[in-house]
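A short worksheet on the structure shown next.
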Amino acid sequence: MSSLLSITGLNKSFGGIKATDDVNLDVLEGELHAIIGPNGAGKTTLISQLSGALPPDTGSIMFNGQDITRAPAYGRAKLGITRSFQITSLVKDMSVLDNIALAVQAKQGHSFRFLKPARSIAPLRDEALTHLDAVGLADRADAPTVNLSHGEHRLMEIAIALASDAPLMMLDEPMAGLGPDESARMVTFLKTLKGKRTIVLIEHDMDAVFALADRISVLVYGHIIATGTPAEIRSNSAVRQAYLGEED
Amino acid sequence: MNKTLTALLAATVLAGPAFAEGAKIGFVTTLTTGAAVIGNDTKNAVDLAIAHLGGMAGDTPLEVIFADDGFSPETGKQVTDKLVKQDDVDFVAGYLWSNVLLASRKSVVDADKFLISANAGPSQIAGVLCHENFFSTSWQNNQTPMAMGEVLNQLGVNSLYIMAPNYAAGKDMVAGVESTFDGEVLGTDLTKWGADAQLDFSAELAKARASGAEGLFIFYPGAASGAFFRQYDQLGMKDDLPVYSVFSVDALSLPRFQDAGFNAVMGSQFTQAWDPTLDNPANAKFVADYIETYGSYPSFYAAQAYDSINLIASAVAAVGGDMDDKDGLRAALEAADYESVRGDYTYGNNHFPIQNFYLREVVEDEEGRWTTKVVSTVFENHQDSFASQCKLP
Amino acid sequence: MDYALLLVQTLNGVQLGLLLFLVASGLTLVFGILDFVNLAHGALYMLGAFICAWLTLALGNFLIAMVIAVPVTAGAGYLIERTVARPLYARDHLDQVLATFGLILVIDTMVHLVFGPEGIAVPLPAWLNGQLDFGANVILPTYRLLIIGFGILTAFGLFWMVTYTKIGMLIRAGASNRTMVSALGIDIQTLFAFVFALGAALAGLAGMLISPITEASIGMGNNIIITAFVVIIVGGIGSMKGAFIGAMLIGLIDTLGRSFLDTIFALFMSPAAAETSAPAISAMLIYIIMAAVLAVRPQGLFPPKAR
Amino acid sequence: MNRKTITGIVLLGLLAVLPPIFIATGNAFYVDLTTRLVILAIAATSLNLVLGYGGLVSFGHAAFVGIGAYAVGIPAYHGIYGGGELIASFNGFYHIALAVILSALFALITGAICLRTKGVYFIMITMAFAQMVYYLFISLETYGADDGLVIDLRSELPLVNLDKPLQMYYFAFVSLLAALLIVRTIVRSRFGMVLQGAKGNPERMVTLGYNIYLYRLAAYVISGAMAGYAGALLGNFTTFISPDMMDWHRSGELMFMIILGGAATTLGPLMGSAAFIVVEEILSHYTVYWHLPFGLMLIAIVLFARGGVMGIITGKDKS
């Protein structure tokens, strides 16, 4: 398998603190690559640099053989990178369906259209409904987003990621704040996605990570100390010492 | 919301068209912002004039509706429109500010009403924009500074620096003094005017001093004059750059100068078409009753407003209250057959007064109040220089 | 080149700049820490001027009046904070703009009703009313020099307070991280009320200082508030240093523009046109500078550290 | 249909039939009042597109109105007094095109800069640009500078004679209907969905691949052009224009009208303008100090009635 996303020598510091320290990482096409690490290890900072929300100080990011280090955030999304947010990020005052439809619309790329009411465009609506159905929220389509529960918001995030049809999905803690049942539902769902999309998953729930990931990278103080299969990571002494040891 | 509109509608329908019984006068002046001090003075004078007339012009009752121009041409025009269309007045009088008058002129004359300026006298309305239904009870803007230019020549002032607000009247004042002044004008500063007028003149005064001029001519009506004289005094410029002003020292500013202990103004001279000491019965009555009623000397604004009501009343009486007799009213206005506080005057073809201009001086009256007296007559029966541009016969 | 004139005008510009700094510092404190857009800051400037002017006439001494008027204005600020500002902290800026816009109308009209429309001329003690002659045509009013001195003193005081005192530390912390301050167990409401009252006092102080020059007049606050906003936007909201440098920049540009622009314009247009356009263009200059600064640095020249 | 929409439609109906009744009953002045109301409603509706739906608090919209008004006044001035042969004209189509194009162009240039900033910086930089235009027109000696410019002859259009108050009114009223329809269509379109999405959550929209800067700029230009059109109407209606029209207070009033009527609703700006004009008219009838109750009302509405007049009518607090 070739690598879809290739990160070389990425650095980012805030003031004197190094949030990202010489990160080198290859995400292979089709794999589910989990990034784990203790709180404050710089996982979200890393995702933000990959999605373009934060510019890196040095280093390069290649996607599909293209240098995207300095590409604007919306440009990366167009190239096929999508992300979900650690803290749910939805358009709260719109309906559930509208949120998903905006993602479908973004993919279709015809948004400088001023005349036809968006809600009456069948292809937009229907596709959005399909994705809502996929995450089991079809019956809530017309509800205002604010009225949904936290768990449902997380599922909406996934539906949006699905709708964007991006080859690379970056999921920032999709299980955060979910109850055991909802977590299980999410894990099942992510399993069905495996192989269809390349996924970068940041997650604290170790059971979920080890159940889902093809490969795992461990980030500590902004530096990747190990990358490997779940089994390799389990047995890696440096990881056990730096990270897993604390978890127990 | 719709209830309010319905109510409004009902009210207007019930009220029906305003039926003219007697003569209606709309009086546009400034009742808000800092310039309201002038507006209130004119309002007092109008009230006094109505009281003196017993509310009647001959057998016809007079009604005055006041409107606030908010010191802005736009608002002034709006309230004028309302007076003309809603209140259906026969005369619109007042107008302190030349720019407000210029903005409102069309609304009044297009509706075939009479427009009586009690203060503003912009050059345009005296010249190309003159109109048969426009009359002034003040002066054309350029005249007073022309008189001052003449005084400067007599005093032997050879060079001048000029400061005035940047609006229609300010520009007329500058043009006026430049037209008669024989010496050299070394610099002119026009400063921001209106509700957000510039009141800190440090930069301009420094320039004036550095210019080396022998005199400083200024025009700052209302509150701005206080700020100006204060800063002029603080810079100690009295000895090296004497100030010559028009419309900047008046009965409104003098009591405040006195309160603030501002002695530099005592003895200062300026030109004007009216003074409280002018010796005629109408003026004596007006000044005495004004002081008695309101506790202070009337300003020239008040005098002109007082005149405007009396002029209107004379015309209304002449036609016996028939407000539809426009020609009769016009002829009566042109005759200016009333007791003006400035003494008798006649109208030129552009309906601006042909009148005297005096040099006035700040003095203390017997009760210790600061006021003015006439020093000399600068111009006799002076007509403005724009009358020739007016197409009226 | 007339160097004496240039020097006098520069000092005039510095004086205007310091006055602007007093207004802008209060605004930037309120804005930076409370995240509150207070359009009525200019109305407090006017209120301060009127209170002080009235007290001066009542007590017969400008300096004593000022000593009383500053805390009174702070009290007025506190009252406004309690009634209008506090419920709006959690709202968006639009609500704050509109409510304080209403506040301007209310305060302006109240002052008109209470003190009359004509404004109040403030007499100065004789020793302040004169001028100092430095020779070579450099003559400056004593009082303007006093404003310069007072402005510098207040600026130092503010910097000292913000940098070295406990309340200053809280203010700095509050500007960058509000939740942290409340997490530290500081009564954030009291801190906010204090900052608002301090801002009002600074605005009022500026109004008091200018009133012996321009008189206390209705609407005087509306002239300065927009300029003060320009100052803090150029300087970077919440930054005391930015407010100072922005104020000096705007003060100098405004004064020097008014002084020399007509001469420059007269080189390539008629003197009459130059006389009219020069003041307007110099008024435009400060907005052009603001647009230029924001086009290059959308957060202003000295944005405070990330929130 | 909810009460809100019904109230709005009733208001539109009243506006459609009232003016002839005003004339018939000899209250011509109220035609002026409603014309002003309708024109301001167009300006407020245009602002609502960016402020209500786009979440972009533009504090300088009066500048567009002013530019539109001068686009009528300046050609008319040259038409009468000569000079400027290139622009001298009384042709209404030319005036309107000029108003729309110039204000759109101004919106494009300033929007490109303003939209780089966020939050309060955006509020203030839009205001700064408006002040710039304000001072620019003050410096134009030929066109009256501070004193303003009297438009001696109105724009000439086929079929309508703007000198006739009723025709002027209905021309404005039809324009208002068009403006309402345009904004309603835009906000429901795909473009409008993106604009509203960018208001609700800009970060998310960027992540989806939207260059929200471009969408906002487009909305800003459309809004500016519409406000310019309103300005052209206003110039024709008042026949007097002055830099005062662009003062920041005027921009604040437009914002207030939207909040009063309810932002991000089709008829909100119209309701707000109506309430604003009527309240102003009633209060100023009773006292020259009407700014005091007006200001108190403004504060009270912001503090206690977030949904604006609409909120009061529907009896629901939007927050």
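Letters A, B, C and D name the chains as they come in the text, with residue numbers starting at 1 for each one.
Keep in mind that, in the parts below, a residue touches a chain if its C-beta (ideal position, glycine included) is under 8 Å from a C-beta of that chain, and two chains touch if they have at least 3 such contacts.
All of these numbers come straight from a predicted model, not from anything done at the bench.
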Per the C-alpha centroid definition, the whole-Å distance linking chain A and chain C comes out as 48
Go ahead and note the Å separation of the Cα centroids belonging to chain A and chain D.
43
Could you grab the centroid distance between chain B and chain D? Build each centroid from C-alpha atoms only and quote it in angstrom.
36
Return the distance between the CA-based centres of chain C and chain D, expressed in whole Å.
31
Touching two or more other chains - residues of chain D
138, 145, 289, 291
Among chain C residues, those touching two or more other chains are 112, 276, 279, 283
Two or more other chains in contact with one residue: find those residues in chain A.
none
Report the topology of the inter-chain touch graph, choosing from line, ring, star, complete and other.
other
Which chain pairs here would you call touching?
A-D, B-C, B-D, C-D
Chain D contacts chain A in the complex at 185-186, 188-194, 196-197, 200-201, 203-212, 215, 218
Can you name the residues of chain B that touch chain C in the complex?
32-37, 39-40, 166, 188-192, 195-196, 198-200, 202-204, 206-207, 209-210, 223, 226-227, 230-231, 233-236, 252, 256-257, 259-262
Sort out for me which residues of chain D touch chain B in the complex.
7, 10-11, 14, 18, 21-22, 25-30, 32, 138, 145-148, 150, 152, 238-240, 242, 244-245, 271, 274-275, 278, 288-289, 291, 309, 313
If you look only at chain A, which of its residues touch chain D in the complex?
51-53, 72-78, 82-83, 85, 89-94, 98-99, 101-103, 105-107, 110-119, 121, 124, 160, 164
Sort out for me which residues of chain D touch chain C in the complex.
51, 57, 59, 110, 113-114, 116-121, 123-125, 127-129, 131-132, 135-136, 138-141, 145, 248, 252, 255-256, 259, 289, 291-292, 294-299, 302-303, 306
